[in-house]
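Think of it as A, B, C and D in the order they're written, each chain with its own count starting at 1.
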Amino acid sequence: MQHSYRLIIACPDKVGIVAEVSRFIAERSGWLLEASYHSERESNRFFMRNEIAADSLSVSIDAFEEEFQALADKFEMEWYISDSSRPKRVVILASHASHCLADLLHRWHRKDLFCEVPAVISNHQNLKSMVEWHGVPYHYVEMTKDNKLESNAKIDALLEECKADVIVLARYMQIVPPELCRKYAGRIINIHHSFLPSFIGANPYQKAHDRGVKLIGATSHYVTENLDEGPIIEQDVVRVSHRHTKEDMVRFGKDVEVQVLSRGLRYHLEDRVMVCGNKTVILD
Amino acid sequence: MQHSYRLIIACPDKVGIVAEVSRFIAERSGWLLEASYHSERESNRFFMRNEIAADSLSVSIDAFEEEFQALADKFEMEWYISDSSRPKRVVILASHASHCLADLLHRWHRKDLFCEVPAVISNHQNLKSMVEWHGVPYHYVEMTKDNKLESNAKIDALLEECKADVIVLARYMQIVPPELCRKYAGRIINIHHSFLPSFIGANPYQKAHDRGVKLIGATSHYVTENLDEGPIIEQDVVRVSHRHTKEDMVRFGKDVEVQVLSRGLRYHLEDRVMVCGNKTVILD
Amino acid sequence: MQHSYRLIIACPDKVGIVAEVSRFIAERSGWLLEASYHSERESNRFFMRNEIAADSLSVSIDAFEEEFQALADKFEMEWYISDSSRPKRVVILASHASHCLADLLHRWHRKDLFCEVPAVISNHQNLKSMVEWHGVPYHYVEMTKDNKLESNAKIDALLEECKADVIVLARYMQIVPPELCRKYAGRIINIHHSFLPSFIGANPYQKAHDRGVKLIGATSHYVTENLDEGPIIEQDVVRVSHRHTKEDMVRFGKDVEVQVLSRGLRYHLEDRVMVCGNKTVILD
Amino acid sequence: MQHSYRLIIACPDKVGIVAEVSRFIAERSGWLLEASYHSERESNRFFMRNEIAADSLSVSIDAFEEEFQALADKFEMEWYISDSSRPKRVVILASHASHCLADLLHRWHRKDLFCEVPAVISNHQNLKSMVEWHGVPYHYVEMTKDNKLESNAKIDALLEECKADVIVLARYMQIVPPELCRKYAGRIINIHHSFLPSFIGANPYQKAHDRGVKLIGATSHYVTENLDEGPIIEQDVVRVSHRHTKEDMVRFGKDVEVQVLSRGLRYHLEDRVMVCGNKTVILD
């Protein structure tokens, strides 16, 4: 992977943004490996992602950043620069189901997901050995009806300690408290085992089986305080038939879940996902 | 298409049904072109479809039918025999949108859907010439807020006159009155322009756009008195992104709608769809 | 559809192209409805598509075009401006199969494909009435083993007369002579009824059936002198099984063919397809 | 999973097979959990799969088997009975690529693939620890240009020792010698990283990239002496675009490969795959 800086911008839409940003980059000899933008008409918001070859720049990235502020101010930008060589720190929260966790760890291990995994946190013990084989610390945090407040405080502390950039709920099955949702807004990714907004809440495969749908799906989305209603990052489906039991659906669903979660996480790690109201813009 | 008889059976599940039915057919020299069955565990219902080469039978189909009654009684079967050479009579109810109607008529015209189309009924005039070019009578039935009772009575009379076997709602956009739903139970097929149970009711593409889903879909289902909640026959989806407007979704959706409606209708015309509670069993 | 001008560019890749092109547009108050570019690393070619709201420009499009030439020269651009309100002229060449032709005509008729269809040319008579119902002239050009030269000259003359911008081979089944391929390079779109490069040449469904593949497909591509080897625009597939006969595959395949051809043609009509060697870049 | 016996049959097609087989089962009180058959018209072969609840039978499976022989002889059947509670023994041959191997081991480990894995054999050392963490013995067999004969003899001996029922080539990248192909005919499953018959042989992703296809795929198939030409069990594809490098394709392709290989293996383990000439019949 080539070393690059990603310049990410969101601002009110106006004539001339692309011109001025591109000029700014070109004046510093920046070679665009990739660039894309999107103009959201309803909200009149403009989104831009520029991927600039690091070794092409004639100034340091610090200077670039400092000088860019004037432009950012002019167009009222929310913006940041991300260094492609700095892996984001992904903490995975899991329960007893292994498929999403094992898939993410294996992708990371074989270097198909560029990130660090400083910790897995779980309210079950069964996946400890698998996680530790990957060289990742495993934190067991017991979660009972009575200790949720305390346990969530422990998790919050662990996340701080790990300097988590991103939190992945890999079939975590626990509700994330509102204050954590706010603290990590736009940085907690959940996998829901249905094609949202169908079958919100518990037991989606049972509900899908009962309704007799011909496709089942999965959805990765940012977690907000409203369960299963955050901005959707990625979705996919797989065909089922009357021959399939709920157990078959659970099994098929796992394959869709790992795809949808890993694709959603990848988009996030590559700074491609921008939240616009309750939707996402994926700049690829 | 080879001339065949389709023996369709639904009954409580028991040991020996396949054996006795197969023996019955074999004793009359019946050559099975295709056969499939399904045992629905929850309801303990058994479903069977046998497609028998017509020219292989050593008895007339009338004799076959008469003799089969004893077996049917023994196993408490609901059953019927369908003659593949007799086209079902499909009446299409349409509104002003042309895509599903034109698609069905063209499939029928090029002989990819085996049926008769004795009439198209519509509350708009705009598709008259297109329908009539296909040699199909077009009945305009005005539908206003005040004449619904009268207009639905006219439609009922037209359906009787046409000896409709199947009614297809090709983006009809009108509510079918409950008594008509009951009269043609399991024989009215609707296309809903969303992946049910998502986005029930009006304006599903607008709702899909507002929710920011990454796939949009369509569903063909039997019409019951509960709007958009009848047994699902077929579904499919297509990928969309933040770049797509609601109008793009409407346009993409049309392609999914015609696929899903024509596949659903085909299954029905080939006597492959069996209703089991609020679900379908598709014997293919 | 909003009135826009599409500025389409291909040139050697260099720092500063986006900046200068964007500045040029912004200086003339051009509002970008959509913009995308691609840098092809192997060939070091840069491709760009800007869609500019027509009513946002502070200069006439003629002035814009004239003034742009200096920039184009500087970067050695191949370029053109396309007016979204001017429909391209699409001549369809067909044989006796109706599905692709009927689909394209119906999309055009219901205003889902923005173009003009000045003529359909065919070596069969059977689709005349259907084409003429759409108000499109139908030209029968007999094609025998002995009159190919003469017939192709007639077709060439008809294309001239129709001022064809694009030629669509809608299951045309005849070989286009090399000189016509060259004359309309990058403007003849064929639909091949297989997932290329599988099953090149005649009878692909038979070959697919014989090989026992589990998916069949279709490919729309630009026609070059090498049969079935031109740049691929779009492809798709559909699942089949051992239960399906070759005839079933032909029928399923029609649905894929119409999708793949109409999507490919739409990309072309919207000036989204750029040829790069033997590949295409689709700027969407 | 319910304990069952699977009665698998292939024979020349005739009237009465289903009747007699079903009667045979019913007379022994056999409850059919699932049954399907297929009549291959071109070769006039009949294929049947009956899944019988073990505890429903009024006779022992040995008696069942012995008594069935008369029927089998009458219809010239190739047949066998498979016990669903006896896991098949799957030996995996791997190279240095981990994705297919890790995926299969994880599915087996989380009990989504019912089988035993007595050994992994590889010509590389890098995956030893991962395999051993799963509790599976890892056999390193060095493979050089000069020792192929000897190494293949070692592999043959290991397969014997492991009593392999099935051999999976999980991106093995070595040619299986013809005598091994014959010895385990219909029992060696390979994953080829293209949508066969496209891109046979080495470097299919490079070839796909060079050709500019819009979908890439993978194929699981039985291994025969003709490389990449054995009967296809399962295939799937994923969409790519001009934006994707060959490396992206390799990465996307891994997801398709694991899906296609694991589905193909599952069909085999459930005794659903029957070879008919150079094609497969999948009885599901």
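Criterion: contacts are C-beta pairs under 8 Å (C-beta built on N, C-alpha and C of every residue); 3 or more make two chains touch, one makes a residue touch a chain.
Please read all numbers here as calculations on a predicted model, not as lab measurements.
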Identity of the chain that, by mean CA position, is farthest from subunit C: D
Pair of chains joined by more contacts [C-beta pairs], A-D or C-D: C-D
Centre-of-Cα separation between subunit D and subunit A, whole angstrom: 36
Between subunit C and subunit D, centroid-to-centroid distance (C-alpha), Å: 42
Residue numbers of subunit A (touch at least two other chains): 34, 243
In the complex, subunit A residues that touch subunit C: 15-16, 18-20, 22-23, 25-27, 29-37, 39, 56
Parts of subunit D lying in touch with subunit A, wherever the complex brings them together: 34, 98-99, 102-103, 106, 109-110, 112, 129-130, 133, 243, 251, 254-255, 259, 284
Touch list for subunit A against partner subunit B, complex: 38, 40-41, 195-199, 211-215, 217, 231-237, 241-243, 245, 276, 278-282
